[in-house]
Amino acid sequence: MINIGIIGAGRIGKVHLQSITMHVKNACVKAVADPCMKEDTEIFVRGMGVEKICRDYRELLADPGIDAVLVCSSTDTHAAISIEAIEAGKHVFCEKPVDHALDRIEAVEEALAAHPGCKFQVGFNRRFDHNFAAVRKAYDQGKIGQAHILKITSRDPEPPNPAYIKVSGGMFLDMTIHDFDMACFLTDSDVEEVYVQSAVLVDPAIGEQGDVDTAIITMKMTNGALAVIDNSRRAVYGYDQRAELFGSKGMAATANDTPSTVILSNGEGITGEKPLYFFLERYMESFAEEMRQFVSACENGTPVPVGIHAGMQAVKIGLAARRSVEEHRPVKLAEL
Amino acid sequence: MINIGIIGAGRIGKVHLQSITMHVKNACVKAVADPCMKEDTEIFVRGMGVEKICRDYRELLADPGIDAVLVCSSTDTHAAISIEAIEAGKHVFCEKPVDHALDRIEAVEEALAAHPGCKFQVGFNRRFDHNFAAVRKAYDQGKIGQAHILKITSRDPEPPNPAYIKVSGGMFLDMTIHDFDMACFLTDSDVEEVYVQSAVLVDPAIGEQGDVDTAIITMKMTNGALAVIDNSRRAVYGYDQRAELFGSKGMAATANDTPSTVILSNGEGITGEKPLYFFLERYMESFAEEMRQFVSACENGTPVPVGIHAGMQAVKIGLAARRSVEEHRPVKLAEL
Amino acid sequence: MINIGIIGAGRIGKVHLQSITMHVKNACVKAVADPCMKEDTEIFVRGMGVEKICRDYRELLADPGIDAVLVCSSTDTHAAISIEAIEAGKHVFCEKPVDHALDRIEAVEEALAAHPGCKFQVGFNRRFDHNFAAVRKAYDQGKIGQAHILKITSRDPEPPNPAYIKVSGGMFLDMTIHDFDMACFLTDSDVEEVYVQSAVLVDPAIGEQGDVDTAIITMKMTNGALAVIDNSRRAVYGYDQRAELFGSKGMAATANDTPSTVILSNGEGITGEKPLYFFLERYMESFAEEMRQFVSACENGTPVPVGIHAGMQAVKIGLAARRSVEEHRPVKLAEL
Amino acid sequence: MINIGIIGAGRIGKVHLQSITMHVKNACVKAVADPCMKEDTEIFVRGMGVEKICRDYRELLADPGIDAVLVCSSTDTHAAISIEAIEAGKHVFCEKPVDHALDRIEAVEEALAAHPGCKFQVGFNRRFDHNFAAVRKAYDQGKIGQAHILKITSRDPEPPNPAYIKVSGGMFLDMTIHDFDMACFLTDSDVEEVYVQSAVLVDPAIGEQGDVDTAIITMKMTNGALAVIDNSRRAVYGYDQRAELFGSKGMAATANDTPSTVILSNGEGITGEKPLYFFLERYMESFAEEMRQFVSACENGTPVPVGIHAGMQAVKIGLAARRSVEEHRPVKLAEL
């Protein structure tokens, strides 16, 4: 049994609390810390059977009964809290991105090097999605052969509040970062070079914040494969999350998940349902699975499925993408 | 080169004329006979390069330059003209149904027995449809194993004019007869017994003509398989033509053909095109293929793909279906 | 909060225990009774936090702290235990079928008539499946118009042990009973008449038990719609569960659920995954949803979604189907 | 009636001869010229009813009975022969690419400017494909809204003979040129800038010829849309030809055409057919339609659907793509 403390009781913290309580064996959330926990959140947390609720995450780090912490606080605190937790002897699950600054991620790497027993997992939940995991499995089984072309489509149903744009680090570090990690995951490779063609087509207010809302991102992977991501901040038909891996022996492609398989035929056409609306519905099961695997790694001392290297890669790709937009040229990760 | 005469220049006669002219090698339509040919039809026939146009089909039968005739006249003349043509030494392609009366079909059988060199093909064109032919091919290749359950869905986009109902012999002999033949074709078997559950749900005027417009027809095939056909005279989304053959080793299922593969995704849903509208669009290629195979049989002396036995079976099943409705019980073909 | 006792700790009893514990708010399983509970079952039940485990279900009925019981015992005890529970003042969720004998189901009806406050739900979980519920919703919204033709395909991946055939009441009362209920649910109608064409094609041992393994069942619904069910005890590609409702305004059709949406393209073809293997995977979410709705009915005093009338209908249809096989004719439910 | 002469009796010349003969009303191929016509080609041409066969295309240009010529000769002669034909007063259908050199295409433009009555169409047949035409139609009808992202997948089943690589101008001018034109067609826009990420992953012999066999090409369209093409010289599952146009109001996406709609379900999975094998099968109907529209433009004096501007654009994009590979940077068409 792994006893867990959750640091940060925002949306994603609550998702993990519910996942662990309902879907993860051998794990129990013992404590939740948040400096500004709202009353309804507290009721929710209590309802999940959590005994200890506090404001200061350091209480959790000091508690010898807690084996692992989930760092679900605001992005700018991820790295610092992670390091404190590592040094306190806890296993750490850190939400993505680990940080926007490479030197702070390196500091986490150093802390981990000094604590080799520590399990440190980064929250790229989409790797655990049934569709994407099945593509990777087909690749691992040799059904794709050598990877040649990876295509990822990732489009949100609605753009975020423009006010959120700045704090989020912009589209590449906030939204595309999942796709960058997916590219590495599906090709089992790092990225060598990135080129971005982008535009503001959805909402001029996003452009006014210095960000883009539409992009095609081409990458050369270190294993020689080519990859392309297309992003939009608004797909009117809903959350569009697809991938297609093409190689020397075959192609594996995913479709969107829908609420049901029902097809309605009438005078207008043959109509299926729109994709599941947004990430909480689309990826709910993947949040549970990433927790199961984190708990299993903590319990059995096995490697985590998504380590600090993946956390570093995704941020590097995001920074290279930003520079590609600024300098309008392909950018190698080695330049960073 | 097979020289062909077409008897009857109605809709289906013109379809065959165009198919042969445009899509069949080694065949040429030399003459078309129709007792009441309209002017625009004559222009169409001339435009296809036909040299001889006449009113009396006997001119075609008497012409030694004609090798084969297509009997595309009204249903009640199919058998008589076929017999005359057989006796005149022509190969015969006869539109379906051969007749509504079994004794007249038997008369054709007798004529054929007396003229063993005559090629006689019945116009069940759907056997040559790319989708249905692919199901049969899978079955012949052993991919289905032993046939257990056959399901055929056959729904028209619009009911016929009520005035047409009576002369057509009713839904079973006019519309379902294609499905009866399809059941025999896809299971490579005859029918032993038929049961019909039917209703008038589309148009009360059809019921007033003594016919039905909606039916579920269950059949026991002589090879042991079970089969079911569902019919409607009106599907608001268009012409619905599907089959599914399920057996001990697998299942082959068809979908409807559509004008394009385009899927439109928007706030309303994920929408594909409706099926091709009606039989002339849906089955155009099958009309060409049945002619190619008829011409090939005539030219090479090989067996026709759809002989008089199939023509007899389909009518027998139709008559058994009518009796099943009248007597509200399963009817064996052996009872007829 | 509804406190629940589960009577019978076999497969389905454990499914409900897990569903309630993990997925149903406002409900808690307080006790589980089984006359011959195995040790590993007891460990499982304890692990779900159940306080009281006993052999005699009467202990549960006598416990004033228990509001509702789930009757998950063997079929031949469903009716008797249900009546005892109703008389003990409990709400009852009874697994299907309520009984194989109509008079015993009538006895339950009488008990319910005498206890009008009692909530009594029958375990037709498939009504709560996301696909089938979406078809019914489309029908209720008027998108289908008047129902004309309902088609249900229901095929198991493997036949049951022949020894099980007899105790189960045969295919119609064991397997097809779900489809009979589905026919009533999807057309929102009772059944007037049933005709069965059936065969033993999967396993002769099933025939030796006096049962069939393949069937096409045609029904006339009281609202005028026609319905057809096709059953097989073995589909080599897995559990095949589909429905298609066709009416005056459109058609709603479901497809099978699959583990993922991944399509693999290679030299062999374009291949998707097989359906989810069997009912526990395919219908897991529906088991949770039927419990949520039962608990809600108990808590709020609202009608249950599947009452004793549905439980009676499905058994009547099953008995009529058996008689149709025996007497080889269509059988009206009014004859029973 | 438009009388046509075909210059060049290679593969594509024969395709057009057959299309016109079988599928185009109001047109007739009167003559075919080829400096090195083989005997079996001559038999084929005669079989199509062509009266005049000659070696020198100038005989066709001199023949006052010929209204239009199809330039189907080798690429390096397209421009010169087109100019001669224009000056001889013929309408011209010129196969793609018009030329590899921009100045020679400009020479054609100049000839056309001097002969305003001349109809000049470029052979981008894929615009007439049922799937791609339906995407453009949806766009024209406003169903996509403003175009944001266009994705084109274009993969051949087999790489060409390496010896062919050099004469063909390389992948971008030989294969991708169709996709460049498709990008312009589907977005109804020219291209502003191109960036290519490419590799040799299929066959090292292609790299030895100085060409690539795998590429992701990103384009910025002049109307602001972003576009991406992914190419491979070998898809093991066959000819992969898809497009997806995403915009402010919706998305239209095509799938590959297959020989039939049959899906086979068995223990291995749920398998559909591979795409139609190669361009002659996949695009046969589009070759007929482009001829119909060319003939209609000649006959009625209406604009051709694909003029010299499109012919110029596609080559310019191809040259920019080549330069992008050489200089490893985005290249604007204005730089050429």
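Chains here go by letter, A, B, C and D, matching the order in which they are written, and residues are numbered from 1 within each.
The rule we apply is simple: a residue touches a chain if its C-beta (ideal position, glycine included) is under 8 Å from a C-beta of that chain, and two chains touch if they have at least 3 such contacts.
These numbers come from a predicted model, not from an experiment.
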| item | value |
| --- | --- |
| Chains contacting each of chain A and chain D, listed by label | B, C |
| Maximum centroid distance from chain A, chain identifier (CA atoms) | B |
| Cα-centroid distance, chain B relative to chain C, in whole angstrom | 42 |
| Computed distance of Cα centres, chain D from chain B, in Å | 40 |
| Whole-Å gap separating chain C and chain D, where each centre is the average of the chain's CA atoms | 58 |
| Residue numbers of chain B (touch at least two other chains) | 235-237, 249-251, 264-267, 273 |
| Touch list for chain B against partner chain A, complex | 235-237, 258, 264-274 |
| Sites on chain D touched by chain B in the complex | 22-23, 130-131, 133-135, 138, 143, 249-257, 259-267, 273 |
| Complex contacts: residues of chain A adjacent to chain D | 146, 148-149, 151, 153, 155, 193, 195, 197-199, 201-202, 214-216, 218-220, 224-228, 230, 232, 234-237, 240, 246, 248-251, 328-330 |
